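One chain, chain A, links the two complexes that follow: it is found with chain B in the first and with chain C in the second.
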Partner chain A sequence: MSKKISRKKVTEALAGYAFISPWLFIFFTFTVFSLGYAIYLSFTRYNLLKPPVWWGLEGYQRVLSDELFLTKALPNTFKYVLIVVPIQTMISLVLAFVMDQSLRFRRAFRTIFYLPSVTSSVVISLIFVWLFAPQGIFNQITHLTINWLDNPATAFYVIMGMNIFTTSGTLMLIFLSGLQDISTTIYEAAQIDGADPVQVFFRITIPLLRPVIFFVVTVGVIGCFQVFDQIFVMTSGGPLDSTTTLTYLIYKWAFRDTTIKMGQASSLAVILTLIILAVTLIQRRVIEGSGSTTQ
Partner chain B sequence: MKSLLKLITVLCLAAVLLAACGAPAAPETITIKETVTIKETQIVEVPAEKTEVRLSGWASSPSETALLESLLYKFSVENPDILVKYEPITGDYKQALLTAIASGTEPDVFYNDIFWWQEFAKNDVLLPIDDLMASTGTTKDMFIPSLLDAFTFDGKTYGIPKDFNTLGMFYNKDLFDKAGLEYPTDDWTWDNLKEAATKLTDLSDANKPVYGFCTPPDPGRFPAFVFQNGGTVMNDDFSDTTLDSEAAIKAAEFYTSFRADKIGAIPSDLGEGWQGTLFGKGQCAMVYEGGWLIPYLRDQFPNTKYGVVMPPAGPAGEGNMIFTVAYGISANTKNPDAAWKVVDFLTNEASQQTVLESGFALPSRVSLQNSDYLKNNPNTAAIFNGALNGAKPFFWGAFGSDVNDQMGKGLERVFKENQPIADAMKQAADAIRQAYK
Partner chain C sequence: MKTLPDVTPDNSMSKGILTAWGRLKTPFFYALLFFWAILCLAPLYFTLVFSLKPVANAYTPPLWLPIPFTLDNYRLVLQSFDLFPRWIFNSTIVAVVVTACRVLFCAMAGYSFARIEFPFKNFLFAALLISMMMPGVVTIIPSFLIIGPGFIRGGIPIGDSFTIPTGFNLINHLGGVILPSVVDAFGVFMMTQFYKSFPKELEEAAVMDGMGRWGTFFWIVLPLSQTQLLTLGLLTFQGSWNGFLWPLLVLRSPELFTLPIGLQWFRGEYYTLISVILAGSLFNTLPILILFFVFQKYFVRSVASTGSKEG
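For the complex of A and B:
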């Protein structure tokens, strides 16, 4: 009897694997293999022209003593995360809260706020380059004469603003679904107890949204650590390295330099992964540790 | 019956009209393209075993691609046993080429930019072509020496320059007339340049200020001034930078003085990314640019009247930069002889003549120096002759991209953060030395 069941289970499992085998094949070739190969390359010296040569930890040492990494890429990346993540989380939360009320044209507004997220980031980047050009619309409206993307003091903030603009829509959608998950009975109970809307928001909505907030912040942090395409299109890491981030530095070493440093770039990629992992773990402790909800 | 005939006539007419309508947008070059496809199909019918040669380059413009395709067609007529597969790379050429090399799938013949080709030679990616050259009687002295030298490494030749560019000084004739100045000549010096820039500057219209001479923080322009001042960017064996030498610092002082004296500007001051546009608009009266500005002005600013002369001489005489691209042959090619035939054909005198007449680039053959085309086009001739007068290749060694980055940033710091010039150059040189560690 039991033997029969197990055989059935085996065939079922086999059928399951057979069904997902196309995906598995792609997953192993393009994710597992690439990941493993990148880790291997991080211990080598590799210029793409000759086969990689084992280098041990030399690549990591070079990264950690590189001036561009220490003085620009690392601080810039953290600055980017610390500014963009809180702002985009707050904006999307507020947007979601407003969109959850019974407003006129609610659907139209939701679509409009979500639109930037479905547009290609390269296209949006080009539009922002145009908006913030010296004779661009932004300067025309504000009567300023700042060359936003060519000024080391402003370029990075324009990119940050653009990222907030594009991602808030997606995050709003996630918050919206979270908000709709909260049972109306809880709100009704609060109303009966005489809670005003502000109290309801801070005492009920926010605590019940905690898992969603954790998700949004985590996704935001990971996305921000990996910011690349906007910088590639808008500033190429300049002016004066003011927009060089870790991912842009990886690209520069791996493809742009005259002497290709694929090994060193892979070392930095591994370091970036470790940074993201560490930050995410700390975040989980902080957000889930402070009075977790059971969900 | 009659009506059927009518119908057929109408249909025929319509077909002719349609065929005619399809073509007019593009210039003559399209006609060349058509012949290519038609005749190629005829050749395919010849039942012969063909040697395949893959050729790759970047595609800078449709008309340039059409030009190359027409040359390749001529080649296919003369060499029916060789099939050239032209595979242009759009987007990031070097990145695409590097990945092809890493996976062993690079083309047999490909473009090599002067700026980075030497890394390929050092890593045995390119085939030395001296023996192949001898096999067809092509000698080194057929090419402009500074160009061929630029593709020589360790005494071996690794590529045949397909074309080149140097810097010329473009000047706006209308602005010169307005200021009552004589047009520049090839004999100008730095003093003439400064004097003219002062007189040409007109800031009375705040919306459209006119600056005498524009000085972008561009590592593709500034070194010409270093050369004119007797300096260099790198030492002889490219093991160290000389950007913090006296000659380079003095050159930087001169270069940045135009903007400091308010008789010059950097393009971003005027809201543009490239001074070529500002020259066309008449906001930069004089600029150092290459031959690429000529077709750009023809297309975008046909009403701008301009002339080109060789860059003014500095305290140490003439100085210029050479930008060039060569056809190189992969060290892994299975058919080196066929690959060489393609390269040799594309750089022979007839092909080079076609390149010159197309107006896209300058030919690398010495024999074309006295061609009628150059006699009738003094602007192009000024760019051509630049290669013969104190020009050095746009090449800074194994860490060229770092040298370029730091040179540009050094100038940017002077322009945007008012850093003292000597400090900026020292900082740039130190950062470059870091890259060598």
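For the complex of A and C:
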């Protein structure tokens, strides 16, 4: 009897592993092994032509004393996150709030708002390069003569604006499904208690939406720290490195520079990962700590 | 709240504001929605209009109508410039294979995590959750090396005629774009959650009929998860079709490019042919737009489902 059970257990276990085997293979190759490999490479000098040479902390030291990293990539990335994440979260929350009211044409609006999000980052970037060209449509409509993407004072803001515009649709949908999950009886109870719309919004909607807000901000932070496609297409990090971000710098060192620096780029990738991890943890504290109502 | 009598006049004033707000909020909301809708539609509308104008008119008014009208840009994309159809073909191959594999593999793994008992299951599931939080940028360089020659160029020689390769040697190969994407942590997680709430009775009946795990999964479980598979499939297809950084690193020769890489390369080579780039851009957008309109409900579900994992 017991033998039969254990045999059944073994068959079950084998089936279980067979079912997860494709995931397990990719997970071990491109996540576990890759991560270890990245950490190893971050302690080496590696130019692809010769095997990696152990370098200790030299790679990290070079990153931390690199001019481009210190004066451009690092501040640019933080600036990007600090501007884009709050604005896109706010816009998408407001849009979702409005969409949650009983208004007409909601389905049509939802469809239209999501359109920029289904368009590929490359396509939308190519379109914006053309729209914001010196003689482009944006200047024609506004009667300005600014060379938006060739000017260090404006290029980064055009990219920020474009990304806020394209991600807000997706985030709006996430907020909307969160808002629709809030039971109407809570709102009715609040109305009976005489709460005005402003109180309802800040005392009921926002606290109940906290997990969704946390998710949207986290996704936003992780995504914004890794912004790449739009910068590659629109400015290649220029003009005068004013749009060089950390991910773009990793790409530049590892794949674009005439002397390939895979080791140093890996050091930067590890540093960037640690930054993202730290910021996510701090932000979790802030969002969870800011509310007196914790579920 | 503490000094209730004092607020009475103030209260009536705020009541006045509130009634005014009650009357004004609907028009205000509509104005906001229309404003954002115009913002969302404008870039695509301008792209459509100017893709129907001659190349020489890429910046010339009228902005709102395709005057003078021409189909030359589309003709160039589809006929004269034979790389464009190749790029569309390549993108289709990559997106279809990635979607088919990912839907199947994620469903398999999700089913296993939800239903089957095996050693180290909880440990592996925790590892899966952690890997979902990991920023992709950290594994870009090692993944590139693994897809390429591996950590030892030329492999490890054994004897004179045999070497063990340490990488997949798939640089400049569509397989190199596809391989790392055939399954992903989020998809597995999503399917696990789905199968946890999937009624067990249906499977038990099948098991009674003598179907094994595989038979039950392929003949009973998979057909009954169509909606969920479609949701995951659409999310995957969109991501793969629009993918940029990874194919940019893997693909080197123009005839192997996917459409986004091709468009970006085309812009570098023929930067004056802006109207052609706009026409090509619409070709990249069109399939996703069609899918979006046909399966709108599932698209909305798929995005909403990404949000519910924390909530």
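Here is the rule we go by: the second predicted complex is superposed on the first by the 277 of 295 C-alpha atoms of A that agree within 3 Å, B and C clash if a C-alpha of one lies under 4 Å from a C-alpha of the other, contacts with A are read in each partner's own complex, and residues count from 1 in each chain.
In this text, a residue touches a chain if its C-beta (ideal position, glycine included) is under 8 Å from a C-beta of that chain, and two chains touch if they have at least 3 such contacts.
What you see is a predicted model; the values in this text were computed from it and never measured.
Student: Answer with first, second, both or neither: which of chain B and chain C does A:N147 touch in the superposed model?
Tutor: Only chain B; A:N147 stays clear of chain C.
Student: Let me test your reading of the model: by the given contact rule, A:P239 touches which partner, first (chain B), second (chain C), both or neither?
Tutor: In the superposed model, A:P239 contacts chain B only, not chain C.
Student: Per the contact definition in the header, classify A:A133: touching chain B only (first), chain C only (second), both, or neither.
Tutor: Touch partners of A:A133: chain B and chain C.
Student: Just chain B (first), just chain C (second), both, or neither: which does A:F113 touch?
Tutor: second
Student: Pick one for A:F255: touches chain B only (first), chain C only (second), both, or neither.
Tutor: Both partners.
Student: Could you look at A:W54 and tell me whether it touches chain B, chain C, both or neither (first, second, both, neither)?
Tutor: A:W54 contacts neither chain B nor chain C.
Student: Thinking of the overlay built on chain A, is A:E67 touched by chain B (first), by chain C (second), by both, or by neither?
Tutor: First partner only, chain B.
Student: Figure out whether A:F202 sits in contact with chain B (first) or chain C (second), or with both, or with neither.
Tutor: In the superposition, A:F202 touches no partner, neither chain B nor chain C.
Student: Which of the two partners, first being chain B and second being chain C, lies in contact with A:V216: first, second, both, or neither?
Tutor: second
Student: On the superposed three-chain arrangement, identify whether chain B or chain C touches more chain A residues.
Tutor: Of chain B and chain C, more residues of chain A lie in contact with C.
Student: Residue overlap on chain A between the chain B contact set and the chain C contact set?
Tutor: Touching chain B in the first complex and chain C in the second, residues 133, 135, 255 of chain A appear in both lists.
Student: In their shared complex, at which residues does chain A touch chain C?
Tutor: For chain A paired with chain C, touching residues are 9, 12-13, 15-17, 19-20, 22-24, 26-27, 29-35, 37-38, 41, 51-52, 94-95, 98-99, 101, 103, 105, 109-116, 118-124, 126-128, 130-131, 133, 135-137, 140-141, 165, 169-170, 173-178, 181, 196-197, 211-212, 214-216, 218-219, 222, 225-226, 228-229, 232-233, 247, 250-251, 254-255, 262, 265-266, 269-270, 272-273, 276, 280.
Student: Can you list the chain B residues touching chain A in their complex?
Tutor: Residues in contact with chain A: 92, 94-95, 98-99, 101-102, 115-116, 119-120, 123-125, 268, 270-271, 397-402, 409, 412-413, 416-417, 431, 434.
Student: Taking the touch rule as given, give the residues of chain C at its contact with chain A in the complex, in rising order.
Tutor: Listed in rising order, the residues are 14, 18, 21, 26, 29-30, 32-33, 36-37, 39-41, 43-44, 46-47, 50, 58-59, 61, 63, 101, 105-106, 108-109, 111-113, 116-119, 121, 124, 127-128, 131, 133-146, 151-153, 179-180, 182-183, 185, 188, 212-214, 217, 238, 241-242, 244-245, 248-249, 260-261, 263-264, 267, 274, 277-278, 281, 284-285, 288-289, 292-293, 296, 299-300, 303-304, 306-311.
Student: For chain A, which residues are in contact with chain B within the complex?
Tutor: 47-50, 67, 133-135, 147, 150-152, 239-241, 255-260
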